[in-house]
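Per-chain numbering from 1; labels A, B and C assigned in written order.
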Amino acid sequence: MTTAPIEAPKTTAPVVASVRDLRVHFKTKAGIVQAVDGVDFDVRDGETLGLVGETGCGKSVTARSFLRLVPMPPGIAVSGSIMFRPRMRCSSCDGAGCSICGNTGRVVSICPACSGAGCDTCEQTGAETVDLLTVPERELRAIRGNRIAMIFQDPGKALNPALTIGKQVAEVFYAHRSDELLTSAGIDPASESLQNYVLRRRASQESRTPENLVLSLPPLRTRRNAISAAADAMVAAALNETQIPNPRAVMDRYPHELSGGMKQRVMIAQALACDPDLLIADEPTTALDVTVQARIIELINELQERHKTAVVYISHDLSLVRKVADRTAVMYAGRIVEVGESDQIFHDPEHPYTRGLIDAIPGASHERGRLAAIEGTVPELIDPEPSCRFSGRCAYAEQVCRSEDPQLEPIDHRQVACFIHHPPDHGVAPTFARTEQ
Amino acid sequence: MLPFLIIGVSIIVFGLTRIGGSPVAIYLSHEMSSEEVAEIEARYHLDEPVPVQYAYWARGLLQGDLGWSGVAAAPVTEVFPDKLAATMELAVASAIVAVSLGIGLGTYAGARRNKLPDHLTRIVSISGAAMPLFWFAIVMLIVFWVYLGWFPIGRSTPEVFASISHPTGLYTVDALVSGSFTAFRDAIWHLVLPALTLGYGATAIIARMMRSSLVEELQEEYVDAARAKGLAERLVLRRHARRNALMPTVTVIGLSFGFLLQGTIVAEIIFRWPGLGRWMADSVLRGDRATIMAYVLFTSVLFLIVNLVVDVVYAYLDRRVVLGS
Amino acid sequence: MSATSASQPAVGAANESALRVRIRRMRELAANVLANPTTLAGLVVIVGMVGMALLAPWIVEPNSPNASQMPRDWGAIAVPPGSPGHLLGTTNTGGDVLYGVIWGARTSLRLSLIVVTITVAVGVAVGSLAGFRGGRVDEVLMRIVDVFLSIPELIFALAIAAVLGPSFRNIILALAIVFWVKYARIMRAQVMHVKQNEYVDAARVIGDSNWNIYRRDVLPNSITPVVVQATLDMGNIVLVGATLSFIGLAEAGLAEWGVLVSEGQSGISGGRWWASTFPGLMVFLWALAFNLLGDGIRDVLDPKTETR
């Protein structure tokens, strides 16, 4: 689907999220594991960025850091920043899409500190910018599920087995669209009466047991049911968008009654329900059958086109990512080693690791025989010495590779972290011309 | 399976009645003449082989003849209901304490794993399993009744108790029915100390299970997924993690019932509660085998039924989840 | 067959190192178990109590003529702790609480050792028989076990001791009758489990007898759960036994913790707390210590079950 060269506008589209020098450390019995060790990349508005790497390279941890979902024991230290520029609903078209918002339904939010003029808080962009790693809990909650959404690898595990689909998906609406719920139920969200106060709390899921008891009494009961009905309608609409047949029936089912593909559709529906600016997809098809995989990927692509959502697509499956992502970042042992447009990376990989990965893909055209695996294993990430993490397995490594960290530097339209492309200040620079081994 | 077990238990109980005294003594209510004794012996075929005796004994049971209680100086069946009501009241109150405290404490600790509340809860849990009830009850009495004087001993204040009618035999219920607040307060006030004491052991087991279940659930992916939706932590805990953690806890709640049941014997002795437990304790000391027989039968059947109910409830709850994970 | 204590058949080198391996594993196990502070605490308390039990005749002057009866000091009735000659005070009938506490450890040790030994022996035998024979024998035996398990333990023991007549010996008997079933279940499960393993079939094919299979394969694997249960029972038996004594099924005046607590009960309303509190505390500590140790062993051998 995306074999045509990437159009220029996308590469210069505004950045919706920017990861800067992200480091995440975990405390284990063996020592402090530096699972993510200086990761930098940008996610541009509306693009799909693939994040590729083998198991244990830190891509999941990176993904979870966006929403601060890394458990803090055993995680002990997080440094760096993830700058995020949220959008808000375009008021002129009310989210439908118009010329003002470039048909996305969303416009850039103005930086409150400088009212769009440009200041330090917004890094001179004028757009509201927050650091996801340090933003206060309450604001983070407003972002989660709303401006940034996440879908998980195993939908069977990511859905609560004890709740119906309807109840679970409705939670996003209660959390982020409570005003709409109230309006749809015929209640004025701005009204200050006591009744309305209780109803408002109900719509935002803050009611405690005594309030719930009061709400079950006849006068307020109808209103409460109206809110539920409004939520159900919104859930049905969301499920419909992901082509789930008979949404109303599905809403009454429990997760275990659905197939893997259906469950993932539910997850996607839930994630896109509030029209987020960024979707983090953590290996969304790994747990699914191959035939279902293709459909789900199609679905994600479609929805992404429609909502113009930026997507960070995480996977260990290269061939998959190539089909899905506009740009790809390759990760190894906690670091990004190469970033660039997907097609370029696959046709002409710069980093030795990327080369190895692509060589290792068994293709129909390859002769039968040995698979081209990369020698060696991923290094231990406990208190590593400065060195290129891949040097132990690299066929081209020189002394300098084992004693210094290569930085991610631009080359052509990409970035690579390798001394082959960015010779070090001193020492012998490695090259691709290696005769033996 | 259940009927078989009940029959098995009845055989054991029957066996117990044949040891330790003459079989006919169970039915003797006073100094009976030799004709009366002979008549009873004939009725229960006590001269015939043991299996036949069993059959007649069992028939006698089903017909409502549980023998004469020397301790209570009345037929067992006559005295049983009132004492049962008293014990049930205590057991239910203890169960309420145990379940609510246990779940609450377990949740609180599980959500704060390895922090202070968790460690304190662990101490409570471990001590609860090893706690000799008779000692704990005495200590509670000493502290709360002798020294602090906050709570009374016994089931009721005699004048207050006598002032209302007792349709159900349950003091609290009867007080409410009669509309007497004084009586209700009297009932509750007498219940607090024994219920807390008796419930302690069960609280410990339940809290421990709840805590470990919750810790396990909190590691599941759907909890992170719920957080990723922007839900408040309190909601994530309550609606997602805790709801799933409650399931294994239900079985423990059933288990702790057995705990409670056995505890009533000692608790009633120490708190001077006029229920089945104290009656049994007195019977044990005075060789009132009719009561012992009835008590063992009753508690075993109850125990079996409760276990069955727990299994059914668990199967019902589990049905929804069994295919999911 | 040579009758060496280490039961090494004459096959030689291979089996010898198997034994060494086993010893080494035991050492590792012990180290792991003791690494847990609560478990270690439990073990320390147990050692203390057992020491107290064994050294009792040297710690306090044994009562004559019967050391296991409480000594009465009629000149010092219901005196509080710290009174001369009565470190922990006396009961309403002049019984020395300290004597009861220390000698009670001896009584409890005797009780738990005897009962645990009997129950383990009987339970293991019955369970193994049921597991190996299978079929009718298994059904009948397990049905009996199920029936026994239907009656709550304390109540069952209470009823048995009651009809047999109040005496400490009958308490021991009653507890033995009630508590053997768990071991039967454990052993049967172990035997069943091993039977399903293919290597047992292989052993049979080469003509190995049931007894050998049992000895070599079943027993070593089943030691674990049996040991865990036995440790927990050492604590539990004393707990239930003390409860039975408290209710009144032991001889009056016995130097046993439960009896003492009962004796001290009459003094409570008058504020004389010591006669019941100290012996009861001992029961608690004893049960707690064995519980901690048993849990600790279980955690090391079967870490998944963090429950109960």
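Keep this in mind: a contact is a pair of C-beta atoms (placed from the backbone, for glycine too) under 8 Å apart; a residue touches a chain by one contact, two chains touch by 3 or more.
Everything quoted here is computed from the prediction, not taken from an experiment.
Distances between chain centres, each the mean of the C-alpha atoms, put C farthest from chain A. Ranked by the number of C-beta pairs in contact, the top chain pair here is B-C. Averaging C-alpha coordinates per chain places the centre of chain A 53 Å away from that of chain B. Measuring from the averaged C-alpha position of chain B to that of chain C gives a distance of 25 Å. Centroids built from CA atoms put chain C at 57 Å from chain A. Residue positions of chain C touching 2 or more other chains: there are none.
Within the complex formed with chain C, the residues of chain B that make contact are 4-6, 8-9, 11-13, 16-17, 19-21, 126-127, 129-136, 138-139, 141-142, 146-147, 205, 208-209, 212-213, 248, 258, 261-262, 265-266, 269-270, 280-281, 283-285, 287, 289, 292, 295-296, 299-300, 303-304. Interface of chain C with chain B (complex): residues 38, 143-144, 146-148, 150-156, 158-166, 235, 239, 242-243, 246-249, 258, 261, 264-265, 268-269, 271, 273, 276-277, 280-281, 283-284, 287-288, 290-292, 295, 306-308. In the complex of the two chains, the chain A residues touching chain B come out as 64, 67, 69, 73, 141-146, 149-150, 152, 154, 156-163, 171-172, 175-176, 205-206, 254-257, 267, 270. Remark: chain B residues 114, 220-222, 224-232, 235, 239-240, 243-244, 320-325 touch chain A in the complex.
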